[in-house]
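Going by the order they are written in, the chains are A, B and C; count residues from 1 in each one.
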Amino acid sequence: MAVYIARRLALAILTLWLVTIIIFVLLRVAPGDAVVAAIAQAPGEGALTVEQVDERREALGLNRPYIVQYADWIGDLATFDSGTSLATGGSVWDDVAPRISVTLELAVFAGLITALLGPTLGMAAAMNAGRPIDHGIRALTVGLMSLPQFWVGLVVVIALASWFGYFRAVEYADLWDDPQRNIEQTLLPALILALRPAALIARVVRASALDIVSSDYVRASRARGLAPGTVARRHVFRNAMLPGLTVLGAQMVFLLGGAVVIESVFNLPGLGRGLVLGVSLRDYPLVQFMVIGFAATAILINLGVDLAYARLDPRIILTPVAGAARP
Amino acid sequence: MSRVLIPLIAGISGLIAIACASGGETDTTASTPVGTALVAVAQPTAALANVAKPVDQRDERYGGVLRIAQPGDPISCDLAMSRGVGYQSVHPCNPMLSQIVRASADDHGVILPDLATEYSLSPDGRTWTFKLREDARWHDGTPVTADDLKFSLDRIINPPEGLLVGRAGPIKTYISSTDQIRTPDEHTLTITTDFPAASFITNLASVYVSAFPRAATEKLDPPSMVLHNQVVGSGPFKFGSATRGSFYRMVRNDDYYEPDLPFLDGITYLVMPSPAIRLAALKAGEVEIIMLLTEAEAESLAGDSERIMLIREPSAGGNTVQMNLSMPPFDDPRVRRAVNLAFDRSEAVIALGGGFNGAIMPPGGPWALDPDEVLQLPGYGVAEADRAEARQLLAQAGFPDGLSVKMQTRSDPFSTSLAEFAAAQLATVGINVELEPMERTAYQDFLLRGEHAIISHSHSFSLDDPDAILPAHYSCGGSENFPGLCDPELDEMIQAQSRELDPDRRKKLVDEIQRRVWDEDAKVWFNWSVRRTPVSVRVQNFAPGGPSLYQGRRLESVWLAD
Amino acid sequence: MRPGAWLLAAVRSRTGLAGVLLLLVLAAAAFIGPLFLDAPLAQNLDERYVRFSVDHPMGTDQFGRDMFSRVASATRGSITVGVAVAALAGVLGGLIGLFSGYAGGRTDMLVQRAVDAIMSLPLVVLALAIVVAAPASRWGIILALSIGFAPLAIRVTRSSALSLRVSGYAEAARAMGASDAAIVMRHVIPNAAGPWLIIIGAQLGAAVLAESSLSFLGFGAPSTQPSLGLLIGGDAQTFIHRAPWMVLWPGAAITTLVLGVNLLSDALAEALRGPDAAGLSSAT
């Protein structure tokens, strides 16, 4: 087990290194830099001559050779230094830190809703396969996966505001200062964020449950005279959860990423919004730091899922080859 | 929340400006009350109805928090320095700041007292003497001194390492050395300009020349109050709390130097990126004011007129198509003239939901060309005749069958919508436009590299003043001179008007420049725009901010009714 | 099951039929409808904000442009984006996956790290790639989304190839003189085709939705090559209150498109589970 984890971590570092190259190159190749972006934010702000633009680039260290900038950044990463924001001149960490809890809370809520809703719907459909409930759930899940997420968000917010005067998507309240308001602000976006992954998991769980039901040992159990409910609990549910878990892991990553759209609709000051702002301001250190942090989290989640998978299903042999053979 | 009804008090007199002490010829003695709310009727057309609302002063009450929504975060409160300080920085920072003198919201040429209670100008027209009030204090409790104001100006003339001057830039063109700014005593400031400059005081009264305390600023590295929580100002509100990406809360400054002001307990600027959500928040009564509105959004408020009033006012800005003079086919003046003639300005007013006729200085303002003369300018004629002439010109220029061009613009919905309108107008004379919307920063990069041939571009001026507009837009190498106009004679004219102290003669010079620039057909203004601000009827005494969005609002005299 | 029979079974199922019908209706409106209508960019300022008329069944917008032709042209745009992304991500990703899984060893390890790296990048970063690749055309979006979507196809085909390799079957076949190409053609591809096709279908719908999210964030298609995502995600937001039809019709179109695709891919998945699946239903 320890060897396996060590090996996975080594591979994770290799992956992160690839991510550093991808994001570094993408940012540098994108037209414009922090100086130009500042002008673009407030056109006509100052009569910046070409020399002044250059002076500013020099001051921000943007004129250094790329390889030096890259080495500098990797050095910062190795010493856990988040770097200095080009937009504010402050520490990147100071900007990112307050955003983490916002997005994390959103993702955790959405994850819980997904974990609750997805398997429940999936099992309910599987247990009633071919009946109206099954058709209804299948239609519902396909439907949920066909709606643009931000659109659902906009419609829900506007409808609640104009029909019931209910509007909480404003002035983000800290969880510890005003828990009720904070949860009101987070729960609705989390629910909308969870719809798609929950639908996906419901479908995966349904499919694998049906596979298991048709498998020999379940038939055998039933032949032994076990009540259908017991069979469902003892064999089907547990095994049907496995693929669901994998999907849940992948979807947690998706939740973190998809948060950007939902955060914009519900005015949540989270990481996604920070990333969009960072990209449009060409705040290289900020974007680089956030992307690396995001990638590291994604990799850790996947590692966690694989480990949990192995625990739930002892047949899994912990080698990268076997791990890769997952659905 | 305090709900004390206050009787007629002298509080408002702090706003009804004290006439400025006169000393020189150029002094403007006129002053207007700031505190009259402009109310406009919601109408689908561009009609402006600015009705001064009689203020029953007994109604005024203290307390309440005003909530204002805008799409993004403020970037920096150090308004003088170039960091991307747009209107979304000016407005949320303005209530914490004050200035040496302020410009009237209605006419930027009208100067109101602020930290200086009176000023005078020496007979040679170069030395300004400001008498400062003695009761003003910074938010940290230290007194506002002449030295602080000198510091605030010095850093514009001679910016600290790593900082560049932004919209405060015009000040630099009048003062070449910090030695010209002197402090004879704690409460007197004198400024000697390089030459007698007509617009100096107007540019000094710009919000971009806000005052900062020397001690608190120099403690920072770099010495610049960028973030809200760093700001130590002397304005009516001080920093309360903020969460980047969500809200910026300011609380009442009990030590504000204008007696009994402000009325509000606090102001909160809210960051809400989605326009649909901003409007929903306004309708739900969760915010009182939204910063900008499209005409379609304004029209959708028709049913809410009991709760929300809509202010429509000319914005010192508008929409243009600009052609690069060094890029064929636009190096040919006939092609440029054809582009100008292709626009039907009255169609623009319909399609863009309002607008005004103007030349190159904002219509409605003190520098606008006479409206009758504007109608004689090329492009303001009968559309059919103009367009026939345009087609002829194109044929003469070698494009009898029309031509195809690529036009760039910013990719935000507002800009692309304008560009689509412009493209359809150009199509009427056989100029087929392929639009290339570009991401904001990429577009700016593209402009800086000068590779554009024709662009669709909107401008918004920070000050309705020739010195703040003409050099940047029309002088050789000006930062907003995207066509690349470079006419030595024009540059001389632009310099001459800056030094002309006689207002009438200066206006004539500016008019001459307007005609000349219009005739180049390089920066073609096809619609001077309307700014729409929806305000909850609870908000009283709200001066929408005058022609420029970029001057912000201090909101000290605003109060909230039930 | 033979591919032909499988497809037939899918289309014959109730969900499959519904999906096909939805897509046919939409395609007919998008491709045939415009023959009778204005150019999507033609402005008519005398007819702004028409809610409904015989000439303009879906109304007009702020410039008096016919919404039906705008929605039709945007639907074509969205179909182009969806199909191109699914094809590019599916075909290239599929091939890379086959190669990676079949080759194994260090190559496989590197490809998998690249896949992990891409999968851990958020959508906005992909948007940046759009700005780089092609700022003023739909191709930037297609490229960026293809890169983002390829990993799933890579995984699917790779695991098929891998399981074959691990089972020792390939070695046995090679020992009997079969070439690598033949092994891949005869055994790996048929094995991987089903799941692969389902992934492609799901990605087609997901790409259309992802494009609309990008439009919402301001990184979308240019208005000259509109997609449904742009019509509901771009400046549409400012018209929701004034002219809801400008947003409802494209919204309905995008939902129809994605729903059709999802139903079809659902039917494919169901059919792939084989005739046994039908029998199962009664078992519970």
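What we mean here is this: a residue touches a chain if its C-beta (ideal position, glycine included) is under 8 Å from a C-beta of that chain, and two chains touch if they have at least 3 such contacts.
On a predicted model such as this, the values are computed, not experimentally measured, just so you know.
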Taking each chain's C-alpha mean as its centre, the one farthest from chain A: B
Which of A-C and B-C has more C-beta contact pairs: A-C
Chain A and chain B: spacing of chain centres that average the CA atoms, whole Å: 41
Distance from chain C to chain B - Cα centre to Cα centre, in angstrom: 46
Chain centre separation in whole Å, for chain C relative to chain A (CA means): 21
Residue list for chain A, restricted to those that touch at least two other chains: 30-31, 154, 158, 264, 280
For chain C, residues contacting two or more additional chains: 131, 135, 218, 237, 240
Overlap residues in chain B, where contacts from two or more other chains coincide: 274, 276, 439, 442
Contact set on chain B toward chain A in their complex: 67, 69, 72-73, 75-76, 82-86, 89, 161-162, 164-167, 169, 222, 224, 226-227, 243-247, 268, 270-274, 276-277, 280-281, 283-287, 439-446, 448, 459-462, 471-472, 477-480
Partner chain B, residues of chain A touching it in the complex: 30-33, 36-49, 52-53, 55-56, 59, 87-90, 95, 98-99, 154, 157-158, 161-162, 165-167, 169-172, 174, 264-270, 273-274, 277, 280-282
Chain A-facing residues of chain C, complex: 15, 109, 112-114, 116-125, 127-129, 131-132, 135, 155, 158-159, 162-163, 166, 205, 209, 212-213, 216-218, 229, 232-233, 237, 240, 251, 254-255, 258-259, 262-263, 266, 269, 273, 276-277, 279-284
Chain C contact footprint on chain B (complex, rising order): 274-276, 279, 294-297, 299-301, 347, 350-351, 353, 408, 411-414, 416-417, 420-421, 423-424, 434-439, 442
Complex interface listing, chain C residues touching chain B: 41-43, 45, 48, 62-63, 131, 135-136, 218-219, 222-224, 234-235, 237-243
